[in-house]
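Once you scroll down, you'll see the structures, which are given as structure tokens.
Here chain A shows up in two complexes: once beside chain B, once beside chain C.
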Partner chain A sequence: MTGTIARKEAAETLRDGRFRWAAAAVLVLLTGALISGWIHTDRLADQHAEAARADRDVWTGQEEKNPHSAAHFGNYAFKPVTPLLAVDRGVTAYTGVALFMEGHAIQDARYRPAEDASASARLGELTAAAVLQWLVPLLVVLLTFGAFAGERERGTLRPLLSQGVSRRALAGGKALGAAAPLALILIPAAILGAVAMALFAPPEAAAWSAPRVGLLALVYLAYFAVFVGVSLLVSALARSPRSALLILLGFWFANGFIAPRLAADVAERVHPGLTAEAFAEGEAAVGDLSWDDLTVRVTEQILTEEGVSTLDSASVNMPAVRLYEGEKMETEAYRALFEQLADGFEGQGRVAQAGAIVAPLLAVAPLSTALTGTDYRHHRHFADAAEAYRYGYVQALNQNLIDNAAPGATWDREYVVGEEVWAGIPAFDYEAPSAGWALGGHGLALGFLGLWLVGLAFAVPAAVARMPLDPR
Partner chain B sequence: MPSPLFTVARTEARLLRADRTALWSTLIFAAATAYALTVGLDLRAERTEAARAILAADVERWTEGQAEADSIEQAMRAEGLPLDSYEWGPRSPYAVGMYYGRDVTTEPTPLSALAVGQADLYPASHQITAGNRVATGTSDALTSPLRLAAGSFDLAFVLLYLLPLLALALGYDLTASERERGTLRLVLAQPVPRRTLVAGKLLARGGLLAVLVITATVAGFVVAGGGPGRWALWTVATLLYGLFWLGLAAAVDARGRSAAANAVVLAVCWLGLGVVFPAAVTLLAGQVHPAPTRAAFVAATRTAEADASQRGTEPLSEFLADHPEMAEAVGDEEAAAESFAVMAIARDAVVAEAVEPVVAQFAEQRARQTAFVRTVGALSPSVLAHAAFLDLAGTGDAQQRRSLDAVEVYQDEWRAHFEPLVFADTPFNAADYPEAPQFTPAPEASGARQTGGPLLGLALAMAVVLGLAVVLHPRAPAP
Partner chain C sequence: MSDPILHARGLTKRFSGTTAVDALDLAIHPGEVYALLGPNGAGKTTTINLFLGFLAPDGGEALVDGLDVQAEPLETKRRLAYLPEQVALYPSLSGAENLKYFAALAGHDLTEADLAGFLDRAGLQREAHARHAGTYSKGMRQKVGIALALAKGAKALLLDEPTSGLDPSASVEFSGLVRRLAEAGAAVLMATHDLFRVKDTASRVGVLVGGRLREEVSHDALPTTDLEALYLGHVREAEAPVLS
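Entry: the complex of A and B
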């Protein structure tokens, strides 16, 4: 019986000229967004790879100099472009693309693309995620708002149920009847997207993306199911199809447009994080760390370890050891500061996700950005990897100095190294985390999405069982 | 006897007063406006405080430097030493001009409390030094990227997104329900032309909309502190924008379908014009005029820097050939090449020249993108209203360009002041401190001139839909 109802509903929808237009528009926008997304991603990936190659050439082509001068000369890490940027840009426009790695200092990635875009870019981005998060739910609402309210108003609900259709079967049929036409739009778009990815993306990117795309599809299916459920619920209880529509449009608008801003704003108030002033103070405190004390400590350490009375008779170069220890000291302080900043951002993200209890998009949007690798956590993962690399190579150069500089208390001005040392520092090679890691930080969002599904699975049949059959 | 139009409008106003949808829409709009004003004021206060703190710290550092230079000079005089030698510190043109520099900052405009625009994106300050041109304008981002991506809940957001909804809620059922219930026939049996009836209904609803808009903008300008000229322009832009959506609703209603059908069409129109179209224009602008990514700029800079440092003293010879007055100050080129500061300036010039084509290409493409969005985007009233709000608030592209230009001008002045001192190896005495260039932030543009285009576009869009509504209604299918 459910199947019969679903077939009838779907057939009616498909015959409707307005649905055909809407479906065509969604399909065009979705494939257009995906294809342009791929072109953009591809171009970006090429430019970042090219920049990374150029910077590596600059590094290995350095003239002979002191290893520590090379640590000051530094290295750049360019944020690798995730292949799924084509689906969802997440916060990538608001996080930097180039991270400078040098001795004595930690920086976050700089040059945020939004700084270079025109102001109107902030009215929104046309990505597949935008189509899936805003447009498809609207289509769901338009398809289903009249499911019960419309039949009730036309007086067909009572005769239908008197024919022995169970209310449960009716609810199931209506839900499936809305899902089938949607599938007719989403499946071709997904196939086109997959073909485009196969054409543009290198094989390893496709392998990385596959499990993420699968999970992404599940998340969006759950999102659409939530909208179908809410629509049926409202349609069952509303006084008229018109009031069902108005309530649902209000929900759609609040969920899609009000909730994200409101949640971000409230999150910042609830969880203020590190202020600019506090950050500046933290940076100044790192600058104030005493190198004179360090000199005393390192000198004592060398003298005790080697059992000598003056540095002149020691077997190592004191300034080199001091650089090594100083780097350690500064890095610890810097890392604590940046960790505080990043923890603040992540904390705000979690607070915003709690809003998913009223607006499901607040769970879906973070999951979508997490799975496409475009959320802040992925940015931080990259920045942390770059920081680990920075510390590693700077200390390797300092170690080289310790091992080779002339022993004593004074800086060895004569000691220089060349290409074999530069080439011996491996290039920064970033490996993006797995899909499991991506979901790891978003238990709250997953929980809320599950809660919506379970809640609606109980609420819709209950509402259908109790709904009035005659117009009021 | 009052005119029929007035009678209809008065009756409609009474009906509206009893309408629950109108009441709820009004309440939600008022609450959102109040919240948006607190958000905007908080953000502005935060940015103002940050800017003032940076400015105060900079002035303090500068004054301390001068005082320290003065006390060093007094000590030198006491010892009978000549003042033409100096060490690293507040008397060194190298330290002061190329290392300490100055932090410049621009306070947020008063109206940034109403339209945050791009103001949350740009660094609060720029460090100005000589010999370091390409590094200007970057700093660590301290605002949550999530928040930036979501956008601010400011008055501009309420007017751009919520006001259309309010207008649509007031207009989607202009005559549809009356037609469905059959009461429209009854009303038309009175000696009232249909056109007058529709005009009267629009007048009453437009009146309510106007009252709400004016209340919101007056409240906004009172708390944010903007002048009457800008208030008038802002209010006109908002009214035209709101009336456009009301007119659109009335025009859709003229098709003679049910209220629910109208709501469906209008929701799609809102999404199309307000969200999808602007996003599509931005996307197209990027595809038609692609700008190189910053990664390319960074790579070009690095390559040029490495090249300059490997060419030994050549950059200095080139620099001196280009600047004969400096060659005179330097005297012995070989001795000058020993100076780290002199070489840094010479290399910076070479690097800036090498990177110039990338920077120019970048700026050109960006200007083309902005122009593309301005022209093609004019087809969407939302893009027009957004541009008008940001231009009037001084938080849009144009004002940002002006303030960056002011920073660049200042940096050039700073370089021009300190480079000769470094080349001549002259100390930077306490008495020289007041002579150093001072930063003047870019004056805030009135925004009125740029607003002309958007206002005209909005007026045109409003006239078209209102005209359509008034022309189509009498032709709508008979009730």
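Entry: the complex of A and C
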């Protein structure tokens, strides 16, 4: 029964010239966005790989120098470009693509694509995520607003139900009937994306992406199912197809355009986070940490541990030990500052996700950026890994200085190292987190999306069971 | 006599304190065309809705082929064919596609030959079978409704003002189709105020005014009864206190 209704609904929809035009437009935009996204991603991946190679060459090819000077010479960690950036660019335009790693300081990522973007790009890029989050729901609304209200106005609801069709089967058939034409748009686009990834993405990137693609598909299916459910609910209860359409367009607009801005404003008020001014003050405070106090502390430590009365009698180079301890001191302060900054962003994200109770996009958008690896949390994961690498290699160079510099109280300007030491510092090798990790931070979004689905699974049959048969 | 297909026992329905159908007792047997005569608001459509299960009674029960409509809502509907005053079809589907769809919902999977056969028997011209129903006249839409009754093998027909708005020849043709369905064994309940068509089609007549069945005219008495006088008499009697 449900299948019969679904087939007829799909057949009617496919015959509708307005649907065919709208579907063709969405399909063209979706495939176009995927193709342009893929070209952008591919070019970016090549640029990052080339830049990473060049930076490594610069590092290993640097002239002989003191190990701590090499720590200041620094090197770059380039954020990996995943194939899924072609689907959703998330916050990548604003978080920077490379981190400069050197001694004494943790830096924020540099080279934000948004800084170089044209005016038109700042107004909003057409990505596959934008098509999936805004245009496909609009198509769902146009497909389903008349599901019951239209039948009622046309007078076919009574004869339909007088054939012995249960209202539950009718609701199921209407939902499936909307899904079939949507599948005609989404499946070719999904196949195109899968083929592009299989053919052109490096095997390890494709393997990393595969489970995420599956989960992403489920998230978007759930999102479309929510829109189908809301549309059926409104259509069952509305006075006329026209009022159903108006209500649903209002919901679509509020969900897609008002709720995200409102949620961001509320999140900022509820969870103010660290302002740029406060962050700059924090950075200045790290710079003001007293190296004189550290010198006294390190000197006392060396004299006590070695049981000597002057540093000239000690077996280690005090300035080298001081550099090691200073790096530790500054790193702790910097990490606390960045932690505060990141906690602010993530706190705001959680508050915004709570808005998903009224606007499902507020659940889907963060899940989409999480699964494509383009959210702030992934950026933080990368930045934390880069920081761990930075601290490790800077301290390895400081330890080299401790181990080899001439003992005493003065800076050993004679001690230099070369290629062997540079090559001994391994290149930064970042392992992106798993799909499970990506979802782990979004329990709230998953919960609300699930709540929408469960709520509609009860609400739609209940509304259909009580809906009037004749126009009011 | 065989058991009634459509059976109302003390059937009562009230809306906000107004009794639309008042303890209605009715039994329509196979082969009978029962015309329920009454003015607007008499309770005719409410009675049909009660047999369809679209309304729950406040008292009594409606039975279709011995099954309680409230207890077996889907099964009773499968044994019924329902033609409202305006038979509504899906305009972008052809007559044949509409028939196939509605029949499939009632559990009948029809072949192309079946579809053509039922539409032919209902009198729909061949050239119209594949035409979009959006281009159909009311009479043509009703023929699709009759074809559906044939396809379902419906044991009972519920007709709500079926000839309203039909031209005389379409009306005559429709009456002929209804009689043939009854002759084939269907029980027909026809709610109408078309006295002329009642005389032409019905085998039994009930006058329903203010939700109450005021009088029944048997098949034998029909040829000699002045239905118009009977009908108007009951209507005026019911309206008298209001008019005075």
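Side notes on the structure shown:
One rule holds in what follows: the second predicted complex is superposed on the first by the 472 of 472 C-alpha atoms of A that agree within 3 Å, B and C clash if a C-alpha of one lies under 4 Å from a C-alpha of the other, contacts with A are read in each partner's own complex, and residues count from 1 in each chain.
One rule holds for everything that comes next: a contact is a pair of C-beta atoms (placed from the backbone, for glycine too) under 8 Å apart; a residue touches a chain by one contact, two chains touch by 3 or more.
Please read all numbers here as calculations on a predicted model, not as lab measurements.
Once the two complexes are laid over each other on the shared chain, residue contacts for A:Ala354 go to neither chain B nor chain C. In the superposition on chain A, contact of A:Ala130 is made with chain B only, not with chain C. More residues of chain A lie in contact with B than with the other chain of the pair chain B and chain C. In the superposed pair of complexes, A:Leu439 makes contact with neither chain B nor chain C.
Touch criterion met: A:Arg154 reaches chain C, while chain B stays clear of it. When the two complexes are overlaid on their common chain A, residue A:Glu12 makes contact with chain C while staying clear of chain B. In the superposed model, A:Ser162 lies in contact with chain C only, and not with chain B. Residue overlap on chain A between its contacts with chain B in one complex and with chain C in the other: absent.
Contacts from chain A toward chain B in the complex involve residues 18, 22, 29, 33, 36, 39-40, 43-44, 47-48, 50-52, 54-55, 57-58, 61-63, 76, 78, 90-91, 93-98, 107-108, 110-126, 130, 134-135, 138, 142, 145-146, 241-242, 245-246, 249, 252-253, 257, 260-265, 267-268, 273-277, 279, 341, 344-345, 348-349, 352, 376, 379. Chain contact summary for the complex, chain A toward chain C: residues 1, 4-5, 8, 11-12, 15-16, 154-156, 158-166, 469.
Chain C meets chain A in the complex at residues 52, 54, 74-78, 80, 82, 84, 86-93, 101-102, 104-107, 145, 152. Chain contact summary for the complex, chain B toward chain A: residues 21, 39, 50, 53, 117-118, 121-122, 124, 138-142, 144-153, 157, 161, 165, 258-260, 263-264, 267-268, 271, 275-276, 278-283, 285-287, 290-300, 302-303, 305-306, 309-310, 362, 366, 369-370, 373, 377, 382-383, 386-387, 390, 395-397, 400.
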